[in-house]
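Sharing a structure, written as structure tokens. Questions coming.
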Amino acid sequence: MNEPDMETKTKIRWSEYNKEIANDKFFYLRSCIRQNFNPGAEKVFLSILQNKLGKEVYDDPHHTTCSGIGYHSDIVPFETFQTMVARQFSLMTERGYKNCAVSCITSFGGYNEVLSTWKEFPEELEKTRENLLKATGRTFEIPENLSHACDIIYKFRKEIAAQAPYRLINKETGEPLKIVDHIGCHYAKIFPEKGVGGSEYSRVLTGMIEAWGGEAVDYPERRHCCGFGFRHYLIKNNRSYSISASRKKFESMQPYQPDMILTNCPGCNMFLDRWQYALAQIEGKVYGGKNGIPVLSHEELAALVLGYDPWKDIGLQMHQMDVEPLLDKIGVEYDPKLKFTGVKGQYINEPEFTGCLARTD
Amino acid sequence: MNNKHVAVIGGGIAGMEAASVLARQGLKVTLIEKQANTGGKLNDWDHLFPDFSSPEVLVNSLATKTKDSGVNTVYNTEISRIERAGKRFELRANQDARFYADAVLVASGFNVFDATIKEEYGYGLFGNVITSVDFEKRMKKHGQLHTIQGTDPKRVAIIHCVGSRDAKVGNTYCSKVCCITGIKQAIEISEMLPDCEVFCFYMDLRLYGSKFDSLYLQAQKRHKIQFIRGRLSEAAERADKSIQIKAEDTLQGRPLRMTVDMVILLVGMEPGASTSQLIQKNQMTVDENGFLKSANVHCARNQSTQEGIFMAGTAICPMAVNETIENARSATTEIIHFFENRRP
Amino acid sequence: MEKLIILPFSIGFIYLLGILGFRFVKWISGLSRLDKLRLIHSLKTRRFFDSLQEVFMEGLLHRKIFLKNPVLGYMHMSLAFGWFLLIVVGHFEVMVSRQSLIAPIYLPVFFRYFETGHSFPLAGIFSFLMDLLLLFVLSGVALAMLKRFKKQLFGMKKTTRLKTGDRIALLSLWMIFPLRLLAEGMSAGLYGNGSFLTSTLGHIFGNLNSETANLSLWTAYSCSLGFFFAALPNSRYMHIPTEILLIFVRNAGVKLKKRNNTYTNIQVFSCSRCGLCLDNCQLSAAGINNTQSVYILKNIRNHNLSDEQLFNCLLCGKCEVDCPVGINTIDLRITQRIESTRQYNSSYEYLEDGPAPKADTVYFAGCMTHLTPGIIASMKKLFQLAGENVWFMDEEKAPCCGRPLMLAGQYEAASKLIANNTRKIIGSGAKRLVVSCPICYKVFKEDYELANVEVVFHAEYILNLIRQQIITLKKGADRIIYHDPCELGRGMGMFEPPREVLRATGKVISIKNEKQMAHCCGGSLGNLKISQPERSLLRNQAVEDYLQYRPDVLATACPMCKKTFSRHPGLKVQDISETVVQALQSKVQPKAVIKKAKSNVLEAELI
Amino acid sequence: MNDLSFLKPASRQIDFDNFDDRLLLYVLQYEPSFFTCISCGGCTATCSAGNLTNFNVRKIGLWLRRGETEKLSEEIQKCMFCGKCTLVCPRDINIRNVILLIKKRIAMLKNENSPA
């Protein structure tokens, strides 16, 4: 078990929250939102684990959504949700894997919820076994370890740092990049002990930032929800609640002029990225950077530092906020013209403009 | 009656008062204090409510009273075990010193709530978040209040009910003395720093004592201290070390955010650590709040559930200084009564 | 060359006439068309002579000041009336000596200088008269000087500070008559044209008499007159001419309007800053000494009136009673309050216009009475005994009568409340509206148009019940002091009915400060700035005075007074209705039941 | 461009760092007793206007303290100035004067920014 290594100023109370993260042989459970909005992130996560860290991770084509979106929007009943999760685990047992690597924060929260329900109420486990058997004829074992993708990246952040050609240091000034993090709520707020560093002062992203040379900036609304919450954005007249939450975060991080926002949940990533554009359109206010603060997930940042190609491998062109300023600061070589050229070199179209406001220059 | 020997555990104001009164009644008294000097918590207190008097004067007078009445005071000794030896008691201390007594008076006092448990208030994480005890220590030592950056605070938030009336930290009782302490400190701050805005965040203001409410009125009227009904939810440090606090203005039913230069947490009283130690080893029982259980809450408040073992002061429940001293005196009458009608 | 001595006098005099002419024309033309017609009409009627008579009685004799303070009265009378006679007799002397009706206006002033001979008929008598009058005026001047330094001798606790303009005018006024005495004394010494006073002075001068001294004294006299006339317009003595104009305009029936107009200016400039309104103002008991009427009039004149002063007045009316010039201090202050709050807007759309139940009598308790339920209970009992079909209009909910808004100067807002209440009262078809609060009584009586509905104060109503033996009372032995509420006593002039009612229940003791001179309880709604501790100081002042008479009960007829006095420990305070119900003989059977007020406001809306 | 105004980002959070205290400072300067308000609601209970509509004197005091000037200037128009609130206030605050001062300050502010 790795010993608790607390480097930064927050030094107390974390010993209880240091969770156990598996070492190898992961069964990858994809995220609906991440593979739809930033597919590159998942591809590059697998590549980092297999090629850079030499870990064995299996991406089973038969696994489905965990139905977390439906469950959290009150469409999918909890029983069905348990059966879906059980099916994923049965795929795992079939392949002989014991450790899950979960890509999405909401499913990570959902899996933890299901696992602890089974632990507290064994009869629920039995009922799920029957349902699964009835529905698919499958049986399953409870996995030994459930870790989120960001836990794994956090665990091997030093190994990644060792192989990384780039550092999160501003090339010209030599200053470490100022990076603000946002932890997905379902990561540690439902089960604090399941998150690295608990819910109040979560360490999972700050650990990475500091390992790769950046400076983790703590801003007052750090723990505030990004506003993604399924119910808040699914229905049109709830969306003002969603954007207001993001706005509060942007207001709070603005004085620190962060170079980028690091997230570990696909939903937060997408909304913190898109809402900056929407706020700029409505209020004409840009909260940071030249034309918006770039928002990256932990895999994307890890890949960036490891030297993957921003467009072809990581697929950063899918982001609304321009990432070019960040790339220039780190000094990553990239070809601006290739931003919107497809794998076979064809033009894959582009949005009317990227960033917050249409460029007038 | 005068060859009886009483052991008083805890050299705080309750212990000192009880010991000196018992000694003057002709009893042989041993006062056992775990620290190097007597006076307990008041040694690092600056001013007392409600009259802003100095605790030093009080402690010194009690100390001289104890010395003059012939009490044998033992320092740096912490009692870990009380054993019944026939009709008498055997007290075992840490350096395996032994004390024998005909009656035991537990006056071990209270513990200050460890505010780090309320992690979301950032005590121990942010330099400018201090507790009311820290405030008293600083005022006693430096006579002024500075932020950790060394500047005069322009805006201070005083948070009531930290560690009291809070199921999350396991203390659901009210510590009674923090509200008035908060108001006292607020007045001290605004007298020291006239152009500093002071806010008190409260759930209910429990100002039970005489002159407490007039102090409250004076705080509002003359010192312009603002009272906001709402419990602090979280504190976060900003780049310039000032603290952003969030609460709800419940009278308006709206969330409220504010940046303050310093946060003072009015920490409550918790059962003393030593009582818990005494409890594990023998039959003394505690009430639902963890304080020592009285035989009868009305008429035998100083008697523990164990015959011959008595209690005084904040070991029983949260008390103000004047109540503690009165309680100590009532304990002595119980003890004397206990000796009188016990046939040799 | 000696014609030069009249120069300073004439310049000053012409300047004064010019200023006064300009101002008077401006003020008169500024009046509304209707008021001008009233003024012109009044000149043609008996009122003209009333005004003349008032000018004589007040302007010259200062009758009102005499009634209040004889010494002060004599001082003013001697100065004003004495100077007037000097001028009149002087003119006769000139006419007789010149045997012609017309003479240069300066001549009577310097007669003794120019008329060195003593040969015209009756010269001796004239000079004797002139000397006598001069002595008369000089006595006034002496008293004035004494007052300025030892005001307590005149029984005045306080007087006003002198502004620079006042100081110059005062000094020059003091100099006029002594200089005249010296000048006439010198002339008498030289030419023997003086009488008992001046010739004796002439002898005293003896060899000092010389032509040059004579000339210089007369020039000094002329200069002092000139300075006084020049300084007069912007000094307190401006009140002398303005008061005369005020008397004519007031007697013409012109009233203060709800906004500043030139009549306000006339009233403002009529203030002589004598300070008589200071003594009886109760606010000084609370240490408030900058809001009295004299200061407000000064601030209005200098355009630096602050809300803090304007709204810090009990509107109790005592200064209006004391003011020798008869300035309507209350209405003047309310007009300024209207001006100051003109931009405040209020909207009362929420007032609903439900159908009013039919009743013979409407009882409007008013906001304050809801805080003294004893009065309501007693009134209900009395209505029951009277067997009236009464609609208790504001039992559950009703707008305020509007008077407190008016006291704060917001007449336009008050009119909305008045309209709503009027519709309901008239809608009920009642013949009579009974109110138990003088504050409401004044507004219902003066500002409501209630067609044929008779507005009755509960004292009158109860008195009527007693007289018609509808209720019979047991006269107890209680010593009762009746406190005249300001709005009822000075405000509406009702002093007797409450006393008569009380006499039927106990022994009403008469006290020094009652009726017109009654105390204010300190609770007045007129004062918006006074703090609660200050109000209790006023209350204590009144209560200490009442307690000297060792009353068993302090009765009053106003809920506000009752509320204010009941805060005083150990004092039994009752409204007259409560005293009456307490003294009721129990034999009379109640006939009818009071109709419940139907409220059609949705309860849900209020939650 | 598609119209995103339906999103209406807003915040109900009272921000103590910058709220419009022009009204509050004016009232506190001339009526310092207002400092001692403990929001007990006695005034609202006895209010004549509050009896007829949902006018709340206590809220007026709170809005004043939190700088809600627009809501304040509408709501304050419902007051009938009857003075009952001042008679019942346990802290002896001259509430009628507070209302007057608020109206005064609103009028002053209106003049300042639209002197025409």
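As written, the chain order gives the labels A, B, C and D, with residue 1 at the start of each chain.
The criterion applied here is as follows: a contact is a pair of C-beta atoms (placed from the backbone, for glycine too) under 8 Å apart; a residue touches a chain by one contact, two chains touch by 3 or more.
To keep track of the chains, here are their UniProt names: D = 4Fe-4S dicluster domain-containing protein.
Everything numeric here is computed off the predicted structure, so don't read it as measured data.
Centroid analysis (C-alpha atoms only) places A farthest from subunit C.
Overall, the chain located most centrally, as judged by its C-alpha mean against the mean of all protein C-alpha atoms, is D.
Between subunit B and subunit D the centroid-to-centroid distance comes to 41 Å (mean Cα coordinates, whole Å). The centroid of the Cα atoms in subunit C and the matching centroid in subunit D are 37 Å apart.
Separating the centre of subunit B from that of subunit C, both taken as means of CA atoms, is a distance of 66 Å. Taking each chain's centre as the mean of its C-alpha atoms, subunit A lies 47 Å from subunit B.
Those residues of subunit D in touch with two or more other chains are numbered 13, 33. Subunit C has no residue in contact with two or more other chains. Inter-chain contacts occur between A-B, A-D, B-D, C-D.
In the complex of the two chains, the subunit A residues touching subunit D come out as 236-237, 239-240, 243-244, 247-248, 278-279, 281-283. Within the complex, the subunit B residues that touch subunit D are 217, 220-221, 224, 226-227, 229, 246, 249, 251-252, 254-259. Considering their complex, residues 116, 119-120, 124-125, 234, 236-239, 244 of subunit B touch subunit A. Those residues of subunit D whose C-beta lies close enough to touch subunit B in the complex are 12-17, 28, 32-33, 35-36, 38-39, 58-59, 62-63, 65-66, 91.
The touching residues of subunit D, when paired with subunit A in their complex, are 1, 4-11, 13.
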